[in-house]
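Next come two complexes, and both contain chain A; in the first it sits with chain B, in the second with chain C.
What follows is the complex of A and B.
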């Protein structure tokens, strides 16, 4: 085996990467066979409701659904490797293209939600952990418990009505105000506005995103809070901190330099997992706020019984989840040298 | 891990507090949960049919009053009675879903535990892959195939819920299997089935129960969400998510019609979530010290 640290890291990363690929193959198999197991005839769906039995059989042949399952699976994988997710039954457009158009907007929303989660939860959890079992701790906890139990779609509806329609603080729905348009380059409205040198449009696009992002962030924030607080409480009880306190290191420095860096390990992993989960949860938020994204794409696909589009969308989200888990693993590795040593043995 | 012994440990200071640290919740939460479960069982029986389903345009969009405690919706149906009647569709479905995927999770974990190294490896890869699915997305797929209904939502959520349970249980089971007394029993020739039924499964029950309670909270939130995107319960069902959905068009004129069922979901989700926490502290005293 490799001896120097750089080679070891490379080997470790390769191993992680291989695991991700195996998981992805498993994921593909899982989606494929689940879809096959579910009752319902794809050929019939593709042919449309008024098709004759002969037409249905013809379509079954042309889509390859008359082949044995393993053959269908290999063909499916083969097409996937060429980046071909099939053609949408309802729009007759390539599924890959359709997803490419909407995905950046979802990513934009999710990234903002993740930023909100991290920036709000970190100080709250620190405050709660420092005042453990005190009034501040309880107050924050009650707020967190309640916010974790609020139904996303319902909260979105109420905020939209309260802060959008009534108070007119935020735009109600859509991605940009009427009359503003930016050329599409990356697919992300905020980025495109900045690239086009139009900061006003970027600000407008950002405002449209705030409410949806807050709603999306809330349940995930509650989850992160629990983990980070528990971790902080543990670290705060360690002996080296008592020593540091005894040496007169001010509280602020203690927290930012000694406590937080030692506590965020599990939280980084959680945020990585959350990133993927948020892409899934965005479905509800996009639906309420009339946003275009992978969620609305999937909802439409479902309404149209568009099997290939649903399959493609689900797979793309799965890939995002696996990819974000991989990135998190790498981040942990960079952050924590002990992990490198431990993992490499 | 928690054993039966710890349940009778004398060290029960703070028993009035749940892990969330809110005083009194240890008593209030179980009561709320029991009341909710009773409501889910008898709700449709006690709610007058005429108030729940029959439209009465003359009294439509009425604000809360002594006659209609939570107001009426766009068809003049009583929001309060609809919530009572809908408890069954919302809460019992969630109970069914969580119980369903817990059973699948137990089976998968048992296979992984008893099957040897390779079976375990393969099963855990499958679990990893299945974990990569956001449940709502998968439910959308299932609904596409089965047609949107409360039943497809239930099936979809059972199909997506099991991986986490399987993974957690597998950990517990492996730990039990590596205990000295289990090894000894194996040496004595106790069959694997008997070991599983007499020792490993009972030892996992507390973990399972904690997860069961917590999962019901999450499930009821997702189930409502599925109704909202149109793949769960369909109108005129009084399922709480469906109620919010059908009231979203009248939110400006009758905000109560959308507000009240959401509160019902939130109360139920919070109560079951806290119940999970309380059970966890009960079963695992090590957590109490934190």
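What follows is the complex of A and C.
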């Protein structure tokens, strides 16, 4: 094995990358056969409602759906390696293009939700852990349990009514206010507005995201809160903290230098997992707030038995999940020298 | 003065009286844990004086309150209720705010702990951890690095500049204890509290660390309060020994007196349990029984159920500290009036 740290890091990254590829291939195979299990005839969908049985058969043949499943799978993988996700059989649009239009909007929403989760939960969990079993701790815990227990759609309506209709602080639904439009370049409304030199539009787009992001963030935030608080409580009881206190380290530094860095390991992993889960959970939130996203794209595709659209959507989400796991692994390495020694040595 | 007054509520006394050169003067330190309604008295009216450069050992079994006392001098456990006074360097530590206490900890009083494995932050480099007390005090990085390197070298860490970039898991137990000692010494404190600093180490490493502490404290004129259950450690290292039993100081004497003419039956028992090179005994004796739980102390002297010389009075009244016949102080009814006035 390589000896210098740079080579070791390269080897580690390569190994992680290889694992990711294997995961993605497995995921592709699994989803491919699952989609084929969905009842309904793809050729029928592709041919349209008024097609004759002969036309349907012709289309079946042209799309290759008459071939045995393993052959279809190999053909699909072959195209995939060339970056071709295929054409949607219901909209006759390129799947890649279709996804490009909706995915960045979901990512915007999810990233904002993740930021909300982290920035709200970290101080709350720290406060709760520092005042463990005290009044502050109980108050925060009760609030967290309540907010986690609220059904998403009900909470969404509540926020729309309270902060939207009544207080008029945030827009109720949609992606941009009427009359504002930005040219599509990245697919992300906020980014596109900034690229177009239109900060007002970016701000408007951002405001439209806040309520949905809060709704999306709440259940995940509650999950993270519980994990981070538990970990903080454990770390707070560790001997090296007493030692650090005995060294004369003020409370604030104690928390930022010795408690938080030592507690966030499991939380980083959890947020990585949550990122993928949020992309899935965004479907419901997007539909309540009248947004488009990868969720609505997939829901339609499954309903239509649009094989390539489903496969494309799931694969893209798979790549996101694998990528976020990769980022998590790297972050853990940066955080913990013992892991570095174990993994890279 | 009437020395037959046995259960006096008066202050406990110590061997050396506080004077102008007193560095640390603990007076009637009482430590309680648990709720206010059912408090658990961990330490009862503990007093101790130390002059600059003094080396005192605080000895006792687990649960005797010695560690709790040491930690409480630094006010490390916010849940404990402390009463009495801890005069250090002219101010009562118990009257300071937590913020002021932060300025005392590590800067004026250093502390060394039992378990060097758990004592260091696994995610921070050795150098950063040794420098930290200086950095929080506003010393710039270059200067802090220079001083960290010099104190690590003083403590026998070879190649200190390079080793400062390493992480705790790359250090052995003995090396980590040197790092812990370096963290305690870097701000140049006048007192070090060492809470069982060698207990978790191999015998050979114990010896090294003790020798090192001995050397460094002598060179720097440091006062050391050594907390230990190991009388063997005490013999070569300290001038004076205070023995604690069940939350109270029961015996205090110079090392010579304590080893050759131990006054308290508990101290006698402890000494019989220590293997000695200069004496041959058929077998080591042990003290039967175990120390009582702080919430369940017997009436009278806490040691009476385990004491071979206990008599009626021992089961009725708590003995106060009085001057012992061979010098020092002892809290035992066997020495009702040692001839000297209290």
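The definition used in the following text is that the second predicted complex is superposed on the first by the 329 of 345 C-alpha atoms of A that agree within 3 Å, B and C clash if a C-alpha of one lies under 4 Å from a C-alpha of the other, contacts with A are read in each partner's own complex, and residues count from 1 in each chain.
Operating definition for what follows: a residue touches a chain if its C-beta (ideal position, glycine included) is under 8 Å from a C-beta of that chain, and two chains touch if they have at least 3 such contacts.
The structure displayed is predicted, hence computed values, not measured ones.
Placing chain B and chain C on a common chain A by superposition gives a fit, with no clash between them. Note on chain A: of its two partners chain C and chain B, the one contacting more of its residues is B. Touch criterion met: A:261 reaches chain C, while chain B stays clear of it. In the superposition on chain A, no contact is made by A:57 with either chain B or chain C.
In the superposition on chain A, contact is made by A:335 with chain C only, not with chain B.
Touch criterion met: A:249 reaches chain C, while chain B stays clear of it. In the superposition on chain A, contact of A:84 is made with neither chain B nor chain C.
Across the overlaid pair of complexes, the angle with its corner at the CA centre of chain A and arms to chain B and chain C is 80°, in steps of 10.
Chain B and chain C never share a C-alpha pair closer than 16 Å once the two structures are laid over each other. Overlap of the chain B and chain C contact sets on chain A: empty, with no shared residue.
Chain contact summary for the complex, chain C toward chain A: residues 71, 74, 76, 98-99, 102-107, 110-111, 113, 115, 118-124, 132-133, 136-137, 167, 169-170, 180, 183-184, 187. The touching residues of chain A, counted against chain C in their complex, run 238-240, 242-251, 253, 257-258, 261-262, 335-338, 341.
Put simply, chain A touches chain B in their complex at residues 22-24, 26-27, 29-30, 34-35, 38-40, 133, 137-138, 141-142, 145-146, 148-155, 157-158, 161, 165, 219, 230, 233-234, 276-277, 279-281, 283-284, 287-288, 298-299, 301-303, 305-307, 310-311, 313-314, 317-318, 321-322.
Taken together, the chain B residues at the contact with chain A in this complex read 20-22, 125-126, 128-130, 132-138, 140-146, 148, 159, 217, 221, 224-225, 228-231, 241, 244-245, 248, 251-252, 255, 258-259, 261-262, 265-267, 269-270, 273-274, 290.
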